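These are the structures in question, set out in turn.
Note that subunit A is present in both complexes that follow, paired respectively with subunit B and with subunit C.
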Partner chain A sequence: MRSKVVLRRVMAKPQVVIGLIGVLALLALAYLGPLFGQYTWEQKDFTAFRSPPGADHWWGTTQIGQDMFAVTLRGMQKSILIGFLVALISTGLAALVGAFAGYFGGKLDKILMWGTDLLLVLPSFLIIAVISPRLESGSWLMFVVLLASFSWMITSRVVRSMTLSLREREYVLAARYMGIPDWKIIFRHVVPNLSSLLIIDATMNVSGAIIGETALSYFGFGVRPPDVSLGTLISAGGGSTAISYPWLFLFPAGLLVLLVLFINLIGDGLRDALDPGSTS
Partner chain B sequence: MGTYLLRRLLSSVILVAIAASLAYLLAASSLNPRANYTGRQPPIPVGVVDSTLSEYNLNDKTPLLERYGTWVSGVVQGDFGKTWDGGSVNQQMGQRVGVSLRLLLIGTLLGSTLGVAVGAFAAIRQYRISDRAIGVASFVVMAVPVFVLATLLTIGATGLNGAVGHTLIEYTGEYNPALSGVDQLLNRLNHLILPTISLCLGQIAFYSRIQRNMMLDVLGQDFVRTAQAKGLSRRTALVKHALRTALIPSATYFAFAFGTMLTGATFTEKIFGWHGMGEWLVESIQHNDTNAVAAVALFAAVCVLVAGVLSDLLVAALDPRVRVS
Partner chain C sequence: MTILEVNDLTVTFRGGVKAVRGVSYQVGRGEVLGIVGESGSGKSVTSLAVMGLLPAGAQVTGSVKLHGHELLGMREQEILKRRGKSISMIFQDPLSAFTPVYTIGDQIAEAVRVHQKVSKEQAARQAVELLELVGIPHPEVRAKAFPHEFSGGMRQRAMIAMAIANDPDVLICDEPTTALDVTIQAQVLEVLKTAQKETGAGIVMITHDLGVVAGLADRVLVMYAGKPVEQGTVEEIYYEPRMPYTMGLLASIPRLDQENQRLVPIEGAPPSPAALPPGCPFAPRCPLKVDACDDAEPELVQVGERGVACIRSHEIDVKRLRGVDVFPAPEPVAEPPRDARRRETVLELDNLVRHYPLMKGAVFKRRVGTVHAVDGISFDIARGETLALVGESGCGKTTTLQQIMQLEAAQGGRVVVFGKDSGELTKRERKELRRDLQIVFQDPMAALDPRMPVGDILAEPLRAHGHKDVQGRVAELLELVGLDPSYAERYPQHFSGGQRQRIGIARALALEPKLIVLDEPVSALDVSIQAGVINLLEDLKARLGLSYLFVAHDLSVVRHLADRVAVMYLGKIVEIGTVAEVYGTPAHPYTRALMSAIPLPDPELERSRRRIILEGDLPSPAQPPSGCRFHTRCPKRALLPEPERARCVAEEPPVVRLAHADDHGAACHYPEVRNS
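Moving on to the complex of A and B:
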């Protein structure tokens, strides 16, 4: 019943509706688009290098004859996948660390919060860039873990302070006096009560992670060849290439901006609907 | 205030030391300076490579902690070590820090003041067309990463230059060494235009969103109405009473915004061909240059912590309650 009320309130926000339609359209483009293209992303057309968009190659071709339409969609798939995975892991980690630190307090709280503060001080972009030469090419999952492990700290502080007050609520006390183990209380009574915060955070994390991934891949510190992501494509099409062969830059960059924009719209609307007290 | 600042300084120094040490250890264990010397034609004998690397304190056959010890004893005396090809890190840093600081300083000043002004303006005109336009624009700008924005700016500049027929806006490098005097100064300013825009735009969007929300909270409060009832003009009431109070939360975000700009500066420097610290970071990782990476990390940590202290000082200057307690 409550979920229906919340859903109706969320869907009444135009931002959420526009954002959802946009994200779904981009998802459809990324995953269904390649079925309609005439070329696969691995194919090279040796008769067309850097040819502008046309009837044969819809979005033109790259300097080695790859079909830009196929390559860009392939890159978008990877960027979306990384974005969603990072958001999932990072929000989960934030909820876990924050809830445990807040619920148990004492020494565990001190240790966890000290670690959180230390990670907050470290320049994440620099650290991931320095570690990246160690990752073998193709091991993008490790890259996901790295990105996620540097993006959960602020949320986990918020989760902790909210848990501190939830801990004293009657239903939590009641559960504790009934002898329910602590971890069960955390997962059944504390975390669900933070769900609106966590949903908003996860949404915002998706766009943050996509920007982080593309930024690192832009310098070759993230996704690496033969894999492609929007970041590697923007990097390949950027610089002086972008001036003479704009389609190599504009298609991946445009899709990236649209993707981030629509996800931010959803996050913004969710915040308005679920967390009206927040100001920023 | 004095003891507070002293304690703050001490903890900052410790944090900088931890951050730089961690960066050094990570860089020393994951980068491989030896790769610069192997695979050459004719091949360099292993003994020669070893002795050269040892001389630069980059030899991976020396235990990590020993290398770290040498590095720390150098840094304490103000010597940041050697680059992979034997150059002095200090010398490179001396050239690059100024370049980066100039960009960062201009970006911070313009970004925060314009952002606050735009946000306050939007709040005063809430729900009018100008407010909505600013809101949409800042939302869109926040979705555009710096490297996309910078590339778009170069495309725009070349288009404009082509249309005018000569180089109206410069988009590579820092200055033209062939010029001198006033021409040189104007040329430097011209080179600054695009990097400044690409750094500032995101900052303006960020600050304007915060400032608008904070200003709206304050505008409805009694003390602003009282100030106007006492006979202050609307303008004075808004600037002296409302804006000042609403500035406090923005000031607390200062350190955070500076951190994002530091990352953004890396892209700006790289794309516009400025030889600053950010460009150096990228190049030194690609060249497996451990000592240079550590130096950039130290610089970044110092910058972020200085921004943190500045942000605290700003809050203290704006909020009397902080000064009293």
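Moving on to the complex of A and C:
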């Protein structure tokens, strides 16, 4: 079984195992952690402003008395959610556009690739910065769509060029000569044979999207109060406050670094295991 | 005098896979030793071990002596002095054997200068002389060309020139002609013979083609599962084989010089070197197997020059058993009789044309020429008939196939399938027509989606055409092609090449088509497997009343399988007719050359017959010659008087039905006529 061989090869990489354990631990922390905390993220403790980590508030409190533990985990939940959604959408879009452009060729290919190139040259950060304040506050889903729509282009070019060679494979020709409709051939024979590329790409996209989200939120363009994400927390706790009240900055920033690190470990390991030809 | 002596050579790769398990042979001056075996038998690994070219991590034991000096364990410096000087090698793929950034002349001169103290000019002059020796026209000019500017045959000649540059004592040839077309193969083998005459070197010829060995070798070593199983002179091996494997191998080859008779398949597949059976490795496939065969692996017992590794070889010798006695040929399925006069046409090609534009320029593409891939061909196939389309690579066979399979309007001419013109089909009709027209591809590795289990692969056409009881039909199909229905859950990579080809055939049969297009269905398979697949195709045709369009380059397989044959050259049909007539009295000079180029697995016949060797390479289809496309290479034209020769250049011959023939036409102004 190919899948078994791949699984064994993946599991033989210590970095994948470490990454997987790390990501699972962080996921557990983000979603199970709040159950154990004494405060919810919306509660404000008016008796403790900017109190350092202690027995009552494990990770300290913010300027307005929010429990740092609850708020940070809430922020991480949002960041993870955004990261995975963006990765899913952008990899899916890349696979679709690339496979259709490569498979059909001709005019459709020209149009799709022209659009891809256009998106590639647009300054994505500026555009998101301009558009997102105009969106209704709290509509972080729109923000996900915006992030995703600017992160699929390069993969889709790779997918297209791989499809060009897959299109000439004999099993694809065989399917065509059997009278299988083209869209079915794409989903049944082309995309599954690109799966190793897509899996690697999706993993890498998760960390990319989390960083992108954090960066935009830091500047106030992404997730906006009262909602929190790791980006807004780092923004609030950063700057001059970071020196006198380090817990406001260190916990969200540290979790961000760990999260991205573990996901990248998985991605690198998957690349080595699924794509033995690459030399990275 | 023995030059190269190999004793008990073994090669073990990392992970304990024993690729070679005790090979011994000697090669003397001017002697040709043929090493024969199927893929995975360890024949190439043996030669790489002799050259010291195996990757690090491969453990080599035993002894390799060149002029009495032990090569194994010798210091790299010392080996380098000998490699390329007293022992050199010719590889299968001449494209990857040359550095693309230096000219051919420079690379040969470099080989000269590494081992001889000569000036640069001297070496360059020698390079030109060598190129002339191997028959490259205008060697002064061609020496300045780069490898990609050479054709495959030319490159292999240059490779030979480089190998003999330093007058080696031993020349190891690893499948030197496998990648080449037959007419080019005949040229290269001729060059190899010249090279041997010039240098007097001993040659180790490694190949899977028993015909090539029959014509060239003095002695033969047959390898199976990493071990020699039989050894002897070429006559002994071909006329009195004593090991059942050799007997089966010889009996399973379709032969050009024999009428349509049943082929003898060897059951099963060669064992993987990681999982060898306990006793004789051939025992699981051997019809002469007795219980004692599983006890221990038989050693190669030497009696003089002759060696056989089989416990029953003495019995075979005494009873004078032959291959056909040992391997019973399965009975053919009786074919329903056909009325020759009432032919029902299933496929008709009428003056089909397919040209490709040749574009140049990055931003503004402009047309700089036209590739005449298929240039007006016509033929038809009747129900229950097999038409073979034969020709060398680049003659337009594959393009023709694609034009038929696409079922779209042709660029020029018409494709009529089951009475319907493919240019006038609606989408629905096209899909309906696809039920009746299916294809089997050449490469069984590439033809099956590696991500799908076999059951799904077979179910795909059924589901697409709304078939009910898909599971039942899948099992039925697997059984039809001789596979176990329980295989449906496995993935393609768990099957051997022959089994995969059977799956490919099962998929083509799924919708019960009437016409199957076979694109070189057996050329990627080993001989012993090939016979089984050919027999299967024959049986299926008889049982299901199929028609085949069979595309191939191997004329002996075609003779075996086809009823009618069409020979293509540069996008045109040069000869077409029944197999009996075309093979019996080939009329076109190209057909004659093609047939004489095929080596026969019979040493005496192969050495005594006269060969027509064609000059030069196939012209580019972008600039086809005027008049008759074959006139630039035609051996017959050279013998004609001047006015008749001019006609070949000026006027293009159409396919004309020959006198005295029922169904036989040739496109030649001066066809060969029957002597009756």
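FYI, the second predicted complex is superposed on the first by the 279 of 280 C-alpha atoms of A that agree within 3 Å, B and C clash if a C-alpha of one lies under 4 Å from a C-alpha of the other, contacts with A are read in each partner's own complex, and residues count from 1 in each chain.
FYI, a contact is a pair of C-beta atoms (placed from the backbone, for glycine too) under 8 Å apart; a residue touches a chain by one contact, two chains touch by 3 or more.
Nothing here was measured: the structure is a model prediction, and the numbers come from that model.
**Student:** Overlaying the two complexes on subunit A, which is it for subunit B and subunit C: clash or fit?
**Tutor:** Pair status: fit.
**Student:** When the two structures are overlaid on chain A, which partner does A:H189 contact: first (subunit B), second (subunit C), both, or neither?
**Tutor:** Second partner only, subunit C.
**Student:** Go through the superposed model and pick first if A:R169 touches only subunit B, second if only subunit C, both, or neither.
**Tutor:** In the superposition, A:R169 contacts subunit C only.
**Student:** By residue count, which of the two partners contacts subunit A more extensively, subunit B or subunit C?
**Tutor:** Touching more of subunit A: B.
**Student:** After the fit on chain A, how big is the angle at subunit A between subunit B and subunit C, using C-alpha centres and going to the nearest 10 degrees?
**Tutor:** 100
**Student:** Quick check for you: in the superposed arrangement, does A:I127 touch first (subunit B), second (subunit C), both or neither?
**Tutor:** Touch partner of A:I127: subunit B, not subunit C.
**Student:** Kindly classify A:I180 by the partners it touches after superposition: subunit B alone (first), subunit C alone (second), both, or neither?
**Tutor:** After superposition on chain A, A:I180 lies in contact with subunit C alone.
**Student:** Which of the two partners, first being subunit B and second being subunit C, lies in contact with A:V144: first, second, both, or neither?
**Tutor:** A:V144 sits against neither subunit B nor subunit C.
**Student:** One more residue to check, A:L73. First (subunit B), second (subunit C), both or neither?
**Tutor:** Neither partner.
**Student:** After the superposition, what is the least C-alpha distance between subunit B and subunit C in whole angstrom?
**Tutor:** 11
**Student:** Can you check the complex and tell me which residues of subunit B touch subunit A?
**Tutor:** Residues 15, 18-19, 22-23, 26-27, 30-32, 139-140, 142-148, 151-152, 154-155, 158, 209-210, 213-214, 217, 259, 262-263, 266-267, 270-271, 281-282, 285-286, 288, 293, 296-297, 300-301, 304.
**Student:** What residues on subunit A touch subunit C, complex-wise?
**Tutor:** 1-2, 169-171, 173-175, 177-181, 184, 188-189, 192-193, 195
**Student:** Considering only the defined contacts, which subunit A positions touch subunit B in the complex?
**Tutor:** On the subunit A side, the touching residues are 118, 121-123, 125-127, 129-134, 207, 211, 214-215, 218-221, 234-235, 238-239, 242-243, 246, 249, 253, 256-257, 260-261, 264-265, 268, 279-280.
**Student:** How about subunit C: which of its residues touch subunit A in the complex?
**Tutor:** My answer: residues 405, 430-431, 434-435, 437-439, 441-443, 446-452, 460-461, 464-465, 491, 493, 504, 507, 511.
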